[in-house]
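In order of appearance the chains are A, B, C, D, E and F, and numbering begins at 1 in each one.
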Amino acid sequence: MHVLVVNCNTSPEITEVIRAGAVTAASQDTEIVAIQPAWGPESAEGFYESYVTAAAVLDAVRTHDGPFDAVVMAGYGEHGREGMRQVLDVPVVDITEASAQLACLVSYRFGVATTAVTAVAGIEESLRGAGSWSRCAGVLATRVPVSAIHQDNELALQALGETGRALLDRGADSIVLGCAGFAGLDRGLEELLGVPVLDGVACAVAVAEALVRLGKVTSKRGPFRAPSATKKWIGWPRTV
Amino acid sequence: MHVLVVNCNTSPEITEVIRAGAVTAASQDTEIVAIQPAWGPESAEGFYESYVTAAAVLDAVRTHDGPFDAVVMAGYGEHGREGMRQVLDVPVVDITEASAQLACLVSYRFGVATTAVTAVAGIEESLRGAGSWSRCAGVLATRVPVSAIHQDNELALQALGETGRALLDRGADSIVLGCAGFAGLDRGLEELLGVPVLDGVACAVAVAEALVRLGKVTSKRGPFRAPSATKKWIGWPRTV
Amino acid sequence: MHVLVVNCNTSPEITEVIRAGAVTAASQDTEIVAIQPAWGPESAEGFYESYVTAAAVLDAVRTHDGPFDAVVMAGYGEHGREGMRQVLDVPVVDITEASAQLACLVSYRFGVATTAVTAVAGIEESLRGAGSWSRCAGVLATRVPVSAIHQDNELALQALGETGRALLDRGADSIVLGCAGFAGLDRGLEELLGVPVLDGVACAVAVAEALVRLGKVTSKRGPFRAPSATKKWIGWPRTV
Amino acid sequence: MHVLVVNCNTSPEITEVIRAGAVTAASQDTEIVAIQPAWGPESAEGFYESYVTAAAVLDAVRTHDGPFDAVVMAGYGEHGREGMRQVLDVPVVDITEASAQLACLVSYRFGVATTAVTAVAGIEESLRGAGSWSRCAGVLATRVPVSAIHQDNELALQALGETGRALLDRGADSIVLGCAGFAGLDRGLEELLGVPVLDGVACAVAVAEALVRLGKVTSKRGPFRAPSATKKWIGWPRTV
Amino acid sequence: MHVLVVNCNTSPEITEVIRAGAVTAASQDTEIVAIQPAWGPESAEGFYESYVTAAAVLDAVRTHDGPFDAVVMAGYGEHGREGMRQVLDVPVVDITEASAQLACLVSYRFGVATTAVTAVAGIEESLRGAGSWSRCAGVLATRVPVSAIHQDNELALQALGETGRALLDRGADSIVLGCAGFAGLDRGLEELLGVPVLDGVACAVAVAEALVRLGKVTSKRGPFRAPSATKKWIGWPRTV
Amino acid sequence: MHVLVVNCNTSPEITEVIRAGAVTAASQDTEIVAIQPAWGPESAEGFYESYVTAAAVLDAVRTHDGPFDAVVMAGYGEHGREGMRQVLDVPVVDITEASAQLACLVSYRFGVATTAVTAVAGIEESLRGAGSWSRCAGVLATRVPVSAIHQDNELALQALGETGRALLDRGADSIVLGCAGFAGLDRGLEELLGVPVLDGVACAVAVAEALVRLGKVTSKRGPFRAPSATKKWIGWPRTV
């Protein structure tokens, strides 16, 4: 099985963190291919950057050459998943959705620890759209910039610990890592906090594998039916 | 990996249908053990029967002898999952939750085709509690009794087809099989309707495997902390 | 008029507290019969215990011998009321619902002071199901164990006072006693807090009397229609 | 016990229908006093008329001479109950709230059969404010004018039967009479439809009695604290 | 264009504040006519006073002599707008709705700074009815009496600053002035807080002008169709 | 005053329709500048196209040369408004929000008549995000392709009439034109249906003018604070 994991930003370091996390979570017979958009910001921490990455990620997958059985969208809380489901038949798993779903199975209410304050509102809307909001105890920012995580894992873990405790105080009994760049930090945070910690990339890979094994594909009857093939487009898909 | 699959009713025929469905969905290295309560109704199709099976299923798992890494609760829309999460550390996956979650990844809105009219209200409450209600287009009854499904699969499939079409008309673009006894009928219904059909037993087994592989266990910090060990009980757990 | 009041746990002391509270609230021509299940925990303070008591209470009423015109379910926030409504024609009044309803008539938002932290989530779900959640300012735990209340009423009252004040700070302008074992403490707490305090047992008895006088019975058209009489059951109803 | 029942409109015929219904529902030792505003419309069937009656009813009660232990506001879906609770210490029971509450105890979802189409929106808002909306299957108009009900009870009953059946088709399993002028028609409609029918006036009187017997008064801590006594008013309270 | 601006209370000083604010916000070719009810309280700070002013304002507009192209209801959070829409064809703009709408265009979540604590609940209900509640971060009271604002603008501004900061801490990124008497204080508060501040009177005048220019009138098909012309009324409309 | 009106698609014909509609609605002293993205689809009728246009519209405004006092986003139900608010200080008015807001002032519930079935889900999400969903009676598709509207206005009007009547039957008492390409058809549809019809482009221009006159700018405190100026971007902003 081939799972295509798409980072939403243009930072190769973060793509590598995501790739490594995906490989660790994947079954032995799953091949992970990690890509990133050809254009856009080095990190997405707010509405503006999120909307640009949504288009850039769609562009990256549409122009990607090579087979895949499922796509994992590795931008926590970012826009675009419904558009991806329109243009693909294979399952599309957003790390935001997958981690919230698994959190709901091992806890009563999850809290999300994200990076920047400006990302919070978009994450809340994404969870609302996914239908998981009623089980969320809150979304809080660690104030660790996305670009800083992989440079100092210890600092990131410490910040996640503080934010995690604030979420537990608000009624959460599990924590979701609210940034793809946090991939791999779930074990460390579980040791700190004593509650389940859900890593979006790992969750999404595992759920994508489950969907492929079950033979499920994306519905083409509703809002995800393929876009018109005859519509005129200018400058799309594009290369930089 | 051992996955304990618990039918909610006392019908050995339905337990066998569920077991077969679980085995089909499971990975090769997963061993499925299917059990049923020692007491209770031969099927649960409404609040009264659901509450009795909730206790009977808790009783069955507590008195079950043998190791397991996850529990699948194979009673669609039935009560009890939060109680099971309290008394176990391993992941507890309710087929109602798991199938709704996977449906949300491959479609925009799912519809539930269940058995009896009397079961509808309880299913709606279960989906609300799970947090998946906002993505549900409706719950409709096929009026096929639980006990009749395995006796005439063709008839069941035909009824599912009619109810499924009614759900698509209401805006669903995927169908969830709203009874564990429907296990295995997803492929046939997909052919009839041309949309993804989610079989709760298969979904729950796949999701349970994912949780075990990811090393996740049930949070013991919130409402799922273990019940007091020193509390006095009368006649519990019990044997018939 | 005969009102059957059912404690949800197997503690005869709590049954006696409930019986006394019911008698005080009842009209002169109402005969109170208080019973308790033959099996189950000595108190219900979380999901697991609640699901067992739901079945045990259904069992107790089904095997009860003697006439009654209404049932009061005296387990605050516990499961089972919809099942009881299925198997009976007479009105079934849950103390959770009745006290929330009367609180809504004499205040703008009520707060619930319950016993254990583990009971909070189940109470919130019960109020949501009843339809009273939008008028609830919060559910907080006194951390007084159910079994300790009748042993030291003064201590219980003091704890209720502290928790009650926290609820008033959250916007409540009335308090609901969130445990049947608190029966009879409403007057004392009203003196402490200066706001209406609703005792579930008293409220439920008064409302049950009202329903009987108005000649109302439980609807048999919707989800509360009687369960199938021909269904096969194993080991139910039961005696220990 | 004295219960003051206030019709919201200026029709003495409807006041008499309400008074008779209240007397029938009341206990022997309860004295019913029925009044009506000195000014306003002969019936309230929409927002404009409702807002005028709200003020007129507040005026009528403030200028009423004589003792009472509770007030029943007998205008179905009409505005004003929160204002009445501010100016009185005794319980204030709105027929809209009381009938919805009792309906929730004897059925799963109630439907409201009212008079004019223009009254529907206001009734929905009243139920939402009361917190009972989530248990309501719908509000439908019989198109019987308020003033016509008492002139031809048979015609009113027939219209209620048709509207009631439409509500049952929408999932209601009980019916609430959505106009004080329908007082006394619950029995006849129960015979027609075979489900519980709740008469607001009867329900409110029974619930008011319950509150008085339980010794409950209106909270003065929150939004219902008494208005300032020193505020300057012009032309209020008034006489025509 | 003539815009009729109606103060909800009987204080000529507040009417003058409102008139001045409306004139400042209006276009050069718009003539502002500001009126006040002939009866009622000198300020509305709670449910009781609000319901009386609703009727008094309806009375004032119905008996007003002179042409107008739109009505601005200048009572923040007060009742009556739906009734006014029934009796008029021209647009009716409530300052509560208009300021919330414009706030939603220049910020993500608005907070409301009102006068008395007793006014908070009614304001929340008004925003819920208007459909703007999901974008509101909270309603807080400055505890400045309505009658004191125009006597000491500096004090009012200081109190608004404190309350505004508390709202920003709760997640608001704009502030709505929650009393018509605050008209004109938006600029000062914007300087204090550095976020947009919406003055209801100014917003409502600007939106009313927009509606008139667009040629829009009130729908007469739904709940705002005109009340029956043949209905019998007693003592209405009235003069003191 | 300069108002920059941005079509979301790359069709110059639709940009011209939008420009003409905006000019008609604008005050004499307002200069309308209408632009369109340099890349993307000729129309947006679903999630995929919507996400691409969101980025293309952001790109178009960021690279636009010339002064403007407000932006009108003329893509009905399309994504991106929150991102635009981040990168601009001047008011950003989405036609989806503005038309829903004005509809709420002249009717009780609005219905949206849009073009393609695939656009419905995205429109519903946009209204939910805007906070106007609770006042919406439904979104229905005329099945008129965006590109066909300006080619045959009579056909478009006829289709709007049919869809509009279906929305009135669902409880709407006003209609919102659910596509920027419908600009200018409001008068014709008002004549057909006899209820207010809101044209998004006209409403947004009028509301943008109101915001500019009131001197309001976009809040920079919350999620709309400007994106980091030091972040590294690849290939953005871009030209085709």
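Everything that follows uses one rule, which is that a contact is a pair of C-beta atoms (placed from the backbone, for glycine too) under 8 Å apart; a residue touches a chain by one contact, two chains touch by 3 or more.
Computed from a predicted model, the values in this text were never measured in an experiment.
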| item | value |
| --- | --- |
| For chain F, the least number of touch steps when starting out from chain C | 3 |
| Co-neighbours of chain E and chain D - touch as defined | none |
| Farthest-lying chain, centroid of Cα atoms versus that of chain C | F |
| Superposition of chain C upon chain E: rotation angle, C-alpha, nearest 5 degrees | 120 |
| Shared interface numbering between chain D and chain C [over half = same, under half = different] | same |
| Chain centre separation (chain A, chain E; CA means) in Å | 44 |
| Separation of chain B from chain C, taking each centre as the mean of its C-alpha atoms, in whole Å | 29 |
| Averaged-CA centre spacing for the pair chain E and chain B, given as whole angstrom | 53 |
| For chain D, residues contacting two or more additional chains | 82, 85, 108, 121, 222-224 |
| Touch-based graph of the chains, sorted into line, ring, star, complete or other | ring |
| Ring of chains, enumerated from chain A in the sense that reaches chain F first | A, F, E, D, C, B |
| Residue numbers on chain D that touch chain E, as the complex places them | 10, 38-43, 45-52, 54-56, 58, 79-80, 82-87, 118, 120-122, 125, 128-129, 222-225, 227-228, 231-236, 238, 240 |
| Touching residues (chain side chain F, partner chain E) in the complex | 25, 27, 82, 85, 91-93, 97-98, 101-102, 104-109, 130-135, 168, 171-174, 187, 194-196, 198, 202-203, 206-207, 209-211, 213-224 |
